[in-house]
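The data blocks that follow each hold one structure.
Here come two complexes built around chain A, the first alongside chain B, the second alongside chain C.
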Partner chain A sequence: MERKPPPFPDSEEQEAHSEKAEEESGDDDDDDDDDGGEDIFTGNDLFSEEGSYPGVQEPSVDNQHASNGLRSDDDEQDLFAEARVELSLDRSSTKGIREVTRSSPSAPDISYKSSTSKMSFEKPEEEESNDKFELNIAVTHPEKVGDGMNAYMVYKVSTQTTLPMFKSRAFSVRRRFSDFLGLFEKLSEKHAQNGYIVPLPPEKSVVGMTKVKVGKEDTSSTEFVEKRRAALERYLHRVVSHQNLLQDPDVREFLEKDELPRAVSTQTLSGAGFLKMINKASDAVNKMTIKMNESDNWFEEKLQEVENEEQQLRKLHAVVDALVNHRKDLCGNTAVFAKSMAMLGNSEDNTALSRALSQLAEVEDKMEQLHQEQASNDFFIFAELLADYVRLLGGVRNCFDQRIKTWQRWQDAQSTLQKKREVEAKLLWANKPDKLQQAKDEITEWEAKVTQYERDFERICATVRKEVLRFEKEKSNDFKVHIIKYLESLLVSQQRLIKYWEAFLPEAKAIS
Partner chain B sequence: MNRSGKTADTMEGSGLTISASSIKVNEATLDEDTLVFSITSQKLSNGMGVCVCRTYEDFEWLQQSLFAPDEPDLHGVIFPPLPAKLIMSPQSQINNKTLKQLGFLALGDCCRTYCEALELYLQQVALHPILSKNKALETLLTNTESPGKQRAKKGIFNRLSQVMEEKRKESHKDVDDFFQNERDNNSNMTALTKVTTERFLDVVLAEQRLSVASKHLSSSIQLWVNQEDSANAAFSKICLKTSKVFETIKRNFEKTAENNISTLGLGLDLQSRYQEAEKEMLFRRTCKLVELEAANKNTERAKANKKGIMEEVRNVLEKQFDGMSSMARQEVGRFHQSRVALLRTALVSWCEQQLNTATEIAALYSEHLEACQKLPEE
Partner chain C sequence: MMPRAVNVDLQTDGTLQVDISDALSERDKVKFTVHTKSTLPSFKQNEFSVVRQHEEFIWLHDSFVENEEYAGYIIPPAPPRPDFDASREKLQKLGEGEGSMTKEEFTKMKQELEAEYLAIFKKTVAMHEVFLCRVAAHPVLRKDLNFHVFLEYNQDLSVRGKNKKEKLEDFFKNVVKSADGVLVAGVKDVDDFFEHEKTFLLEYHNRVKDASAKSDRMIRSHKSAADDINRIASTLYTLGTQDSTDVCKFFLKVSELFEKTRKIEARVAADEDLKLADLLKYYLRESQAAKDLLYRRGRALVDYENANKALDKARAKNKDVLQAETTQQICCQKFEKISESAKQELIDFKTRRVAAFRKNLVELAELELKHAKGNLQLLQSCLGVLKGDT
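The block that comes next holds the complex of A and B.
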């Protein structure tokens, strides 16, 4: 792969090589079409945990060899911290979302929703240099490719950036849904086991995609595509706003490379599948936790908080969903009422009254529009925000589980070492010099592992702490940005409503 | 019939000692399972207040007393429509049957809308040039004892038009273009108004549901924040703000629905019922016409000895019909004037109230927005 020299040449290339090796191993198989043939349970249920998920590699003790390369990644972390370009997250996510323009899900033409997001990577004020780098990513132009059940949607992913690690300043690629899932899988493989919170992509949906494939051109499939497009965009924003993930060459490749090799195990990979995996892993981990002696309550408490929050957000999501539906009802009723009023106005003999009634019908029509837009805002601003965070919290939980696994690995190594030492002692007693040497070698080997795993554990503790703090900050800002956006839209709506009433009043007064 | 009642209050020789515009149906209280309405009014002469308590049966008695069968001209009057009886369930909840029957009148706090409808009814009767002279109104408004115990005569309010064999008379062709037009228009408008009113009711019900859902969301968020012991103070603050925002959204829907009910809802409902009343009157006249035409035929066919009697019968009917028609003509003119005025009032106050609410809510949203923007960034 050709690359422009990235900002940190030595470490970067080393990392690149090891990761490259990993990638190639996974991409050979052929996978079928994107969403077809997957588990039938996912459907539209946001948090269905029924997805089958056999192929995921749980980052485990077996990956020791692969992790060699990754460890160097961890070493790089320290270098990153001293980097001249500090990728600060607060303003980025703020701006990123503020400038996204939403479109009504009922709009028939969705071929080029332009939702751009600006992300400026600025330095926090304490730092000395004033470098600012920009990264804007947009996911637009959903297009259907192919026919029938083999069809799939392709999205245009456009990037504008001043970051030197990219080959050019503005470029775009076409990606399909499974490509996004593939990106997630790669990132998750590499980073989750180090305690990083890897953002989750949107859910697969058989029902939604089938409608699109079959060619149904109704509002529900339009809505579905728009919902997915927006979710994919938010997903990418979250990925690049994480400084470690942005540096991952897979991310760069995803944004830049013209043709990506088809992602394989995403056939059954989905947000729901991932959640299921997390839950399975959690169960296994729960058995371990009992043994783990926490010197610091922080982790236990935090995990509890995270679990509670996840439950709460699910509940809230259901409530917001109900709100969205009621608003749609209001829309429908308003439209029907407006029609009746128009007919009444037409039949009215008294001229002034007739005109006023017809005006009224128009006002009601405009109000229906407002309701429609508001329903869309309710949905995209709130419901999807809550849904995203439920998924993200699942990712956070996974972090904690990874930490415990790491601890377990260290403990297991220690007990293995102990056993080796006992073997050595026995051999010494039995006086078998040839086997003794082997025993000594093994002890050395395991001593090194114990040291390594202990370091790993300490490192992951530190990472998890940092990640959780970063996540909390980001969450606060995210929610703040969204509530502001929501209020702004409410205010705009309200002001338009005031204008309509002001315009109608003289008509009503003119009746005689 | 106009509500402001500026000049129509005092009627020379009207016999009604009460000022029409002062009539108020203040509130309804539940006495066991009967609704009791408190009605206040003022004497024209000295402005002294009168207060009485009446039940629905008293109103029914009034309505039936207004009609005198031996006054044929009265048949041409469009009688102010009395709302149907409101049945309150013990928990004072609106059930679907009541909603279907009364529509907008079933909504609103503590039967407020229903009381207003009754109030309008009394005012309409008091303002009617002929009906206001009926002693029954005075009795209802001022007597210490409630009059409803007397079993009223059956009168004309048997909904003749609902009797099947009478129905075909409805389409009987008229001899007078004015009335034929009026009947056709009325038929059309009655149907349209009814449908429009029902659809407006659906809108209001949806608004009420949204109000409840918003409140639910607001409370859920608040409950969560109160329970959670999170170290993330910034996040808690944002959630609380969000909760307040949804509280305002709930207020918006609540007030909008209230405004809808008390102005346009009530107005449309009254229009609908008044149009039905006009329909009744026109139908009575049409029936009389059918009778008259039958009498004419009988007269023509009658043998010489019977002819005289037939003629007399026919003449009586003719006189009745003519008297009724001229009254009807007046009433129709009056009806159109007042219905336009009523609707105008409803539309203007609807618009003004909604405008007020919208402005108030916009100010609240602004406040919230400012507060949220002031929240420190992490």
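The block that comes next holds the complex of A and C.
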């Protein structure tokens, strides 16, 4: 999908920002030590609350939603100030996760400011304990390495944590996109077959990356990079909010290890590739001749729900996308109109009217700014959320398919066992003692397999149930949080609109 | 009745009041009921109505333009032809696409389009009415015989629309006029007032044209965005009805919110259209009419100067002097008559323009504020509910 990006604010400002960020973050460890966790670990109501939903209040409206990188400079020092994700376990057996994200939209003009995932959760074994551990992850500072078609973007992945399994409390590494894909591949290889819903990384984009490689310093490539950075960050948040995945050494390695071996096989694999695989697998499953005899309808019903939802989300995403584009059009048209109004004001020979028309032109200019920001919010808060979930629901479907595959394996083993027993019976009849022993051995082997596969199936059923519930909770939260944030951005827009027109009204009345 | 969006300061005195009291849209034409109230003796009754179609308005306008007596006045611009093509096309497309959307979506979109159709209809009525009111308010034009016939004669005026030949003639006339116009414009005027007006109007007209086109485009984008919000609301509604978990209830509330905000957004676009785009369009036409007046005066000036030259020549040759003198006098009178009334007309034009802009800009600002506050309140209350629930 080609998107026409809005006119980009001063690129100089952006560079100033990133340079500043570079200076101030400098050596990560120093930074974090200085902070002493004053802004992250203390004084935040988000941590102690468990089971309450901290009001997602935007503190100072101007701070976060004013135009052009008006992020307060203090924030530069603290990469993790913005979004908080509270991850707390319910006391119930289904360990749900609730997320509260307070990140501001990563609007293009706020270049490499990121939202973070802040999590506090209890160790799984000690549900009653009050130990809280924290884990904040940020993906920032995209940098281009190399030149021409061999160039690639490198992102800084910074972690702050109190989890003992990590070697230190704060560290950062540099990762490239294929590293993320490599992580995904490893995780899905290990966990998908057990019925876990493995989060999907963002899509590969040949067009987007080529522009970046070729060094096109225009708004579309900058927007692309920002889109990708934000998506990678959300991806990591999702990975680490899944307890089982967090325990996986590959995840730890990804976050901690200085150099990762280059993930070569991801050259073709990606979120989209994975989805294709899922769809192929689904088709294969559908073609299975032996249909599962479901003891309860839960799985069938859920799968149907998932498929319906995926369809609706796709539709919604398409419409929100259209909205983004129309708002960008509106933005462009408003700018052009503003200029035209200014010209008209210039030729008007009645002084008061001339002034009023110029003022109108200025109001329209401000509206253009407003539209641009709103389009950005439409995109980063709403559209990307929907896109993420369309992909994730594909992943959910996959885990259902895995369950069926596991069942199939169990059934196949049972029929193999049956055949082996028949062979044994025949051999008994034919009285071939040497082959008989072999047959008996094989029977024992397959009996074990059948037991194993049956247990696997039961286990995957339980996992899938748990996972689906966990996912649904996460999704429910995610949607609520993001939609509320989106509505708040709309609210701020209206407030600014009111301000502009209230300023204009007296000018109009002054015409005589 | 119909709020006059564009024109103000019309001397509506009791002696002649005209309005369009009703209108009917048939297949491809609109029938306007023109209602007159007058104490003037020239009319048979004090109050009466006739039915007129667009072509008859055009006939009336053209009769003014072609009347030499009115050369010194700004002829009120003719109303644009009622154009429901776009709207009709959309309704048709909707009908074709009926199968691909849910019943609710279809009903909603149909209501949308019907509202749009109604808005266009109201606009065309307003524009026809404004034309008549301008004529009725003009001290000289209101006495025009054709105008009285238009108002009173309750039969069809049988002014068929121009046929191809006539349209072609018009086209050539316009070409000649614009070529001529350039010639005439080149002549520097001795009178500072008119020289200034000429320069001013030329530039103003072009810029209004530009602003009008750009405002149209901007408002169209606005409408598209409002339409998108409509579809978002529908899809959220579908998502919300899939089951009754609390996230679904959430979706339903948000869907409801978007339904309401979309209506407001659509009204914002409609108001911008009415107060801004229509204003600019009207003054595009009026400034053209003013330019035409200047052109006519310029033409008369050229004729006058030519007559002077001819007179000098005749005197020098001592041949046909009397004839030349008569011609010169006629041209002189014509020119002076036009100049005199033109000056007043142009001053009035300025007054009207300033007043109309003032009225519309104030109303625009007030409406924008009203709608933004409405939106704000909706958002605030919805957010209050949503945050309170969770």
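Everything that follows uses one rule, which is that the second predicted complex is superposed on the first by the 386 of 512 C-alpha atoms of A that agree within 3 Å, B and C clash if a C-alpha of one lies under 4 Å from a C-alpha of the other, contacts with A are read in each partner's own complex, and residues count from 1 in each chain.
Keep this in mind: contacts are C-beta pairs under 8 Å (C-beta built on N, C-alpha and C of every residue); 3 or more make two chains touch, one makes a residue touch a chain.
Since this is a predicted model, take the numbers as computed values, not measurements.
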Superposition on chain A - do chain B and chain C clash or fit: clash
First, second, both or neither for A:D147, with chain B first and chain C second: neither
Which of chain B and chain C A:I483 touches, first, second, both or neither: both
Partner chain in contact with A:V336 - chain B first, chain C second, else both or neither: both
Touched partner set for A:D218, first chain B, second chain C, both or neither: neither
First, second, both or neither for A:D441, with chain B first and chain C second: neither
Touched partner set for A:E300, first chain B, second chain C, both or neither: neither
Touching both chain C and chain B, counted on chain A across the two superposed complexes: 305, 308-309, 312, 315-316, 319-320, 322-323, 326-327, 329-330, 333-334, 336-337, 340-341, 343-344, 347-350, 353, 356, 360, 472, 475-476, 479-480, 483-484, 487-488, 490-491, 494-495, 497-498, 501-502, 504-505, 508-509, 511-512
In the complex with chain A, residue positions of chain B that touch it: 185, 188-189, 192-193, 195-196, 199-200, 202-203, 205-207, 209-210, 213-214, 216-217, 220-221, 224, 228, 230, 232, 234-235, 238-239, 241-242, 245, 249, 336, 340, 343-344, 347-348, 350-352, 354-355, 358-359, 361-362, 365-366, 368-369, 372-373, 375, 377-378
For the chain A and chain C complex, residues of the former touching the latter: 53, 55-56, 305, 308-309, 312-313, 315-316, 319-320, 322-323, 326-327, 329-330, 333-334, 336-337, 340-341, 343-344, 346-350, 352-353, 356-357, 360, 472, 475-476, 479-480, 483-484, 487-488, 490-491, 494-495, 497-498, 501-502, 504-505, 508-509, 511-512
Residues on chain A engaged by chain B in the complex (per definition of touch): 90-91, 94, 305, 308-309, 312, 315-316, 319-320, 322-323, 326-327, 329-330, 333-334, 336-337, 340-341, 343-344, 347-350, 353, 356, 360, 472-473, 475-477, 479-480, 483-484, 486-488, 490-491, 494-495, 497-498, 501-502, 504-505, 508-509, 511-512
Touch list for chain C against partner chain A, complex: 200, 203-204, 207-208, 210-211, 214-215, 217-218, 220-222, 224-225, 228-229, 231-232, 235-236, 238-239, 242-243, 245-247, 250-251, 254, 257, 261, 350, 353-354, 357-358, 361-362, 364-366, 368-369, 372-373, 375-376, 379-380, 382-383, 386-387, 390
